[in-house]
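In what comes next, chain A is part of two complexes: it sits with chain B in the first one and with chain C in the second one.
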Partner chain A sequence: MNASLIVLELAVVLLGLVVLVLDWFTPAQDRRTLGYGAALGIGVVLLYSFFAFDGRDPLYAFGNAYVLDGLALWFKRFFLIAALLVLIMATEFSNRFETGQSEFFALTLFALAGMMFAASANDFMLLFVSLELITVTFYVLVSFLRRRVDSLEAGVKYLILGALSSGFLVYGIALVFGAAGTMNFNELADKLTNNAALSHKSLLTTGVLLVLVGLGFKMAAVPFQIWAPDVYQGSPTPTTAFLSVGSKAAGVVLLMRLLGTAIPDLAFTLERLLMVMAGATIFYGSLCAIPQRNLKRLLGYSSIASAGYLLLGFAVMNRAGSSAILYYLAGYLFTVLAAFTVIAVVVQQAGEEDISALAGLSQRSPLLASSLTLAMVSLAGIPPLAGFFGKFLLLKAVIAEGIRWHAYYWLFAVAVVGVLISLYYYFNVIRAIYWSKGATDLTPIAVSLPTKFVLGVCIVGMFWLGLNPDGALEMAVEAVKVLKLAS
Partner chain B sequence: MEPTLSPAGYAALTILLLPLAAAVIALVCPRRDPESTANRSIGAIALGFVLSLGLFAFTGDKPQEANFNWLSVGDLHVAFGLLLDPLSKLMLLIVTGVGLMIHIYSRGYLHGDRSYSRYFASLSLFTFSMLGIVLANNLFMMFVFWELVGVSSYLLIGFWFEKGSAADAAKKAFLTNRVGDFGFILGIILTWAALGSVNFTELAGSVELGGRLADKAAGFSVLAEPLGKIFNSTGWWIIHPNVLVTLVGLLLFMGAMGKSAQFPLHVWLPDAMEGPTPVSALIHAATMVAAGVFMLCRIFFLLNIPGSHALEFIAWIGGFTALLAALMALQQNDIKRILAYSTLSQLGYMVMAVGLHAPGPAMFHLTTHAAFKALLFLGAGSVIYACHHEQDIWKMGGLRETMPRTWWTFRWGTLALCGVWPFAGFFSKDAILASALEHNNIPLFVLGVFVAGLTTFYMSRLVLVAFCGQARSESAGHAHESPGVMTWPLVVLAVPTLLAGAWGIDAYIAKALPSEHPPHDGGFVDNLFAPFNHNILAAVFGLLAVVAGYKLARALYANAASDPLPGKIGFLANLARDRFYFDELYGWFISVTQETLAKVADWMDRWIIAGLLVRGTHGTTELVGRVLRLAQTGSLQTYAFLFAAGVVLVLAWQLVLNSPAH
Partner chain C sequence: MSLLSAIFLIPLLAALVVLCIPRNYKFVIRLVTLGATLASMVLALALFAKFNDAPVENGFRFNYEKEWVHVDALKLDIGYHVGVDGINLGLIVMGAIVAFAAACVSREIKRLEKEYYLLLLVMTGGILGAFASLNLFFFYFFHELALVPTFIMIGVWGHGENRNYATFNISVYLSLGALIALAGLIALYLQSGANTFDIVALTKAVKAKPLPLAAQSLIFPLLLFGFGILVSLWPFHTWAPLGYGSAPTATAMLHAGVLKKFGLYGLLRVGIPLMPDGATAWLEILAFLCLGNIIFCGFVAMRQKDLNLLIGNSSVAHMGFIFLGIASLTLVGVTGAVVVMVAHGFLAALTFGLSGALREQTGTLEIEKLGGLLRQIPFLGAALVMAMLAGCGLPGFANFVGEAMVLFGSWRAFPLVTTLAAWGALIIGAVYMLRAVRNILHGPAKPEWAALKDANAWVKTPFVLLLAALLLLGVWPRLLTDKIQPSVAGIIAMAETKTADKATRSGEVKKAAGEIKHRAVQPR
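The block that comes next holds the complex of A and B.
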């Protein structure tokens, strides 16, 4: 029992409460400062995480339900960076919230706390609780523009489908407990190793699969992706950004723990399922994105495709794949946040979310235009940006497995075709920025300093990860060492 | 690899990165204040020059290296590394010193141009790239900067891109260089395959080791075997290591051929004069074209591996280029084009010197040439500026009276180029002629002397027509001296033009490039007479050629109203004027091969790729996309149903289809 391990989470929750309390004493026009203050606070927590923990040896708390190791720490920092940038974006966006700016900041912080707990989950109970903390806060965040019908609609859809998936998840947990008699990941792994018969129990497999359903929902993987485009489109843009980065990554880390810590001996039986899911997700996301004209919906499909690429790393079920997943996520963080930051500004200016709103952006604001271009190029996976290296590592991991089983070559081919298709719609966006005719409104867009900061961080991140992959890759390799996977 | 940097390493890194910073700042906030952009660029290079002087003065002759690991793919380790040895330190001085003068001069020359800051941004980018070539400690990094030089020179030649001819010239320069660079990268790859490294120090080490192990061709004999097997299995031929070594040498030389404009890739340089004159001075006289020669000196040990015959070829290409370009220069009327051909010709000398196992004299000539040719170009720019952008020498005349400062500096530059004692050019050219004699290569010696005569002839023609006699046009009559910001760089450059020959530069170079007869630095006065003591034959023949060339030019062009030469040699003069029809030949060749290829490619593209593949695929993909999207109805009931169906599907897949065998 070592409660001091959750100091980072506690700090974030406390920060959220402080924001709520200060809200009473802050006049309406000054509430933006609360957002910046919250972002600053997260920055402090982020810095503190480097001093407080090194993650070299796993530390356990709460009866082994909570683990603090390299992987958990990596993901906590990931979530902190994401939340920091999202909070700045949200503060810039906040004049669109008719009521309750501070609530938005506080809820974002609570969701962050959930994600950070998820990064440390070592027990099905904590897995479920942290996931619910994320999901429940997101129900509110999605429908935060309460006067707008599509925001409410998105909220309701997310609520009902989310509840459905939570139902499956909790049912799955119950089945696992019923079959194995434990909730703890390590104990489950031990039981599976010592008791070969257990791994053939359909009850256990069913339970694991239902947990997979719940996590697949979070990641927006086929066939549980159906909610993503509608919710992405309807939500306020900062929520969409946080949803696509934070929520997805929470699903990723939990799936990683599930496969790598809880059921390493059983995981290989899921290989084929994961391969099919990966291929289908890539195809679904890429293909559906093609006819899209709505920017946020487009990114929704792109996010589905990204979930597919992440699943490639799970399908190969080894360390190389897992470290590639982390690398991809890191690049994805900067890329997607850059894209959503630009979209938030543009949508605010134009009042519509159609691609045509980007017309003339290169003249209206070269910074926004080049940021969005870089983001699209990175998403498309073109060197020297971060997205390229992430995809490269994932595909490399897949092709390395091809020697063992030739089906991986087919998976590789599917992924490459997906990349090719994605070039089409990503470059459609770039074309709209630079070469669309008939741009009527050419008034310059003023970009505020905090937005410039966010974009600057994202651009530097994209280039840094793309040009100097060694350091970040080493961190990713270190982080996944705790997983019981083939190297 | 942890970067370990000595103070000298930091200084070198600063020299390299300052111009880049200036370029990036100019790029990020353009148009804010053109003047400050210019000042930043000038400041960057000035600081670089000061630091280079410091490096030159205070660091020993021992080579220093600094490495940052940049890329590791399999066995290939590419470091971002800096190499500081006498060779690179000398080159640093040339690039920053001459570059500084040209930067300052540009401030006056381009004053009031619409794209003033773009000019300085490109100039700084170019300086950065050039310094990168100089400081690179491995072939790959050199290649990267090599290409950057290509890009930035493209930007600078095409600076006035509204002018069709400038845009075309930029394209031509870029594409011609690409041909050479293709060979260069192939050479680099083969070198890496044979010797397992791209680092100069390591390469030199393995070549030396090969020499000691009696494996003359070093790693190349190891590479030749598998390569030979590939070819042998198809029944072509067996590759002898010597053939491979020669081939690699020639491929690497191709890079120099492009950058240093050697025959047959020389065609881009004269056209590149479409750029602003300071650019011609910087890029096409002092630095970029020198990069090829510098590279040859850097990798000289690779060309000099026993068994390689690359050097002989290089010597003849150089000699031929020198002759050809000098002949072409005889009948040009554009002041900048005359200088351009003379640059070609002098580069030919340098390449010839490398081919004659004399990289030292080549670098020596490169150094002095950088100073006096930059001076000549800047002087020409001053003339052009004064004559309201008139470049035809037959429309000038009498400028010695109206532009005194330009006149005497230009005259000094001419004397140096012709090789008149005691100007700098005499010493370096003499060293090259002497090395031809030492290798008993009489044909090349005769060629060199003949070209020296030709050089004097066409340069005297230029001076006599443009500066002496009477003004032949209104603009020349009204010309007056250029502003101080333009003439002072001329004065500064005139100093090394006169003195650099006896400064002991050749002895300094010899520390990096050991030669058979290392020149020694015996003090200024001693150096002044060294050529006559060293090899009197070369010195005397060189001076005789100068006298002959000058006499002939004086007889023909003193107070001439038009060029008498076509009347006297007719056909040959036309041939020289029209540059031996190389451009036409290349144009014809390209139109035959490329047009045909383009037509085939166009047909393929139109019908197979665009028609069948793209439209077909696009149509199918788009259709699938639309069909899939039908599932995305927006109805919550449907979504919930699909979700549940998905769950059933996953369970069924795993439990029924893929259940373990029992």
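The block that comes next holds the complex of A and C.
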């Protein structure tokens, strides 16, 4: 037992509890300080993670259920940065909550703790528990605007579909346990290597497929994507942002662990399935995004398409693909948070979420306009921003596999068509910002200092990852070293 | 920062400066743009002047290399590498001059000036960077950087009712072309096994160990059609006249003049030297496709009622000559193609600039509504006449030199195509160009145009510059051809040795020997 390893998670949970306790002593008008305080605390934890661990050798705790290695550390820092920015965004947003601002911050912190546990999951038990911690807190976060029908509707939808997918997940875990007799990833991998008959057991493969359902739901991959647009649209904007970055990345890290640590010998049999899922997800997300007018719904579909691009990296099942996934995610973090931060401010001003709310934004606030434009450009995969290099790495990984199997060329073609379609809807947003005619309200929007900070971080991140990818890519490569993958 | 890098980094840095200037300081923004493009033009001219004395390394001068991404575990090595040889020297100089001219004519923009100049500078930097890059990644990176502002500029500051449709059309076509080319470039990188995006290193690796034939015949068409769409190769040209007709003047100048040459440059720099066997099979098809450009689009241009659409179609038609020159794979033909690339850049910029100046005053470009304008606007009119004559291939202008070389060079390989092309150029081109001149500039003066004012010194500057370049290269083509020729000779040599290798390998020595003789370079 090596409990000191979970110090980062403990700190986050403690921070959440402190926020809840301090809430009793804080007058309503000062609750915002709690949000900034929580963000500051997260910043401290983030800094501490750099001093405390280097992630060179994997460290285990709780009977090998918990692992702290390069990959886990990478994702923990990822989630911490995401939560830091989301908390600042939420604090700025919090005057829309009638009550329970502090609860919102605390729940965000608890979800963060779940994500950080997920990053370290080395056992189906921890996988399930951490996912449930994330999902259950999100049920509340999604329906937090409880006077708004949209928000409640989103909450109910997320609850029902989330519970359903949890059911599949737990059933799958039971089957895997039944077939292999272990829940631990390392032990399962050993058993698969030593016992070839086991990998042909249909009980095991069925179990793995059901686990895949649960993780596909988290990532919003086709055919488990149906909840995403509605929930994205209905949730409070900070929740949507955290959902699209944190929750998706949690699905990604767990799928990485599953394929790279638990069932590396079996993973190749899933190749076809992952390819089809990737292609279908890209197509579905890109095509459905075309007619959308609601900004958050549009980003919901765009996040589905992004899940498809991430799945490309899983389909190729090698180091190049996995490090490309991490790189893409890092770029996605800054890009999507920039977009949602702008949307949160604009929606607050305009009171509606239609694209037309962006009309005249270029004159109302050049900072917001250029941030959203950069985010869209990055999402569309245009140089010199982060999205371009991420997509480049993923597509390169896919086409490199084409030599082995020509079907990858078709997958590449699908991805390219997806990129092409995405240009259209991302540019629709840019068009709305700069040259829509119906701009009636041209009063300048005041952007608060914390929002400026978030946008600044995101913009620097986008440019940094796009223009100077060397260091970040090196980190991504280091992080995926722990996975058993073809080089 | 090397001289070459400065040429395209100055506009990009100026874009950052423009970003920081408040939007009310329109004059300052314009001044920064003009200053940056002027500086990069001056540097480009300096580059041209110093070219002969600069040390040569692997066939390139002004080399500058720096590591950018180097990850051993992924076998990923992308370095920043720029350099010039005869082929891209002319394009860079032309691009820098056209960019300055484009900045000059941008006075027509009256709203959202800050965004406009920002995009113009990014586009300029992207174009020049793409031509200077000797690394496939940056080659594509800079092109994309220039391409996207094009779409936005057409959409936001474009003219006419068709603007939205044109924006949509050009975005889809060009993005598709770029992505197909990207697929080809990545496939090329992987197939070479050299594990480098560096064009010089790739060329060396391919020289040592040619790509497998199957791969060549698969990848070359990707590049040919990917780049072909970017250059408006018939039948993928429909975006061009429409897009240029709707684009703001400067965008049309920069895209039709400079950015469009990227595809041709890519074929010459990457496609043909690295995949000679793939190329030989496809270049014959290309030769026939280019007839579609020259003749079909020539006829289409004849029927146009709008000056901008006419120029747009004629610019598509001119691309046919460049394709023909490249397809000939002879020293004279390819050199001619490079000369046409440069000359057409000046010409397209000049014609689109003039039509923009005309539209600014008259508000229309419908040829029927105009007439007798030469009396009111002698300078603009005369410049337009000269541009039109240059477009028909009149001796004295650089286009004549290039087109004549293309025709000479391709005669042996494709006599039929060359005959038809010459006919198309001389007759069809002359018909629509001269008819436009007659209808717009000559004839009875119409009363509604009595108040037109001729260009003042400011407006004249860009046109004088572009005309001077056309005339200088027209009367002194060796200024360019002497520099182009050695580089082209290297490409031809690569293309031909590879054909021989292939033949020895497959035992078809006889046939290939005949082919080599057939394609051998005669004049020198």
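In this text, the second predicted complex is superposed on the first by the 487 of 487 C-alpha atoms of A that agree within 3 Å, B and C clash if a C-alpha of one lies under 4 Å from a C-alpha of the other, contacts with A are read in each partner's own complex, and residues count from 1 in each chain.
The rule we apply is simple: a residue touches a chain if its C-beta (ideal position, glycine included) is under 8 Å from a C-beta of that chain, and two chains touch if they have at least 3 such contacts.
It should be emphasised that the depicted structure is a prediction, and the values quoted were computed from it without experimental measurement.
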Fit or clash - chain C, chain B, common chain A: clash
Answer with first, second, both or neither: which of chain B and chain C does A:Asp230 touch in the superposed model? first
Touching A:Leu210, do we find chain B (first), chain C (second), both, or neither? first
Touching A:Asp470 in the superposition: chain B (first), chain C (second), both, neither? both
Examine A:Pro291 and indicate which partner it touches, taking first as chain B and second as chain C; both and neither are also allowed. first
Quick one: classify A:Leu14 as touching chain B (first), chain C (second), both or neither. neither
Looking at A:Val170 after the superposition, I want to know if it touches chain B, chain C, both of them or none. Which is it: first, second, both, neither? neither
Among 218-226, 236-244 or 254-262, which stretch of chain C shows C-alpha clashes with chain B in the combined arrangement? 236-244
Shared chain A contacts, counted only where both chain B and chain C touch the same residue: 424, 470
Could you pull out which chain A residues touch chain C in their complex? 319-320, 323, 362, 366, 370, 377, 382-384, 388, 392, 395-396, 399-400, 402-403, 412-413, 416, 419-420, 423-424, 427, 430-431, 434-435, 469-470, 473-474, 477, 481, 487
Inside the complex, what are the residues of chain B that reach chain A? 69, 72, 618, 621-622, 624-626, 628-629, 631-632, 634, 636, 639-640, 642-647, 649-651, 653-655, 658-660, 662
Along chain A, where are the residues that touch chain B in the complex? 156-157, 160-161, 164-165, 168, 200, 202, 205-206, 209-210, 212-213, 217, 222-224, 226-227, 229-230, 269-270, 272-273, 276-277, 284, 287-291, 421, 424, 470
Complex contact set, residues of chain C against chain A: 19, 23, 68-71, 73-74, 76, 112, 115, 137, 141-142, 144-145, 148, 151-152, 155-156, 168, 171-172, 175-176, 179-180, 182-183, 186-187, 190-191
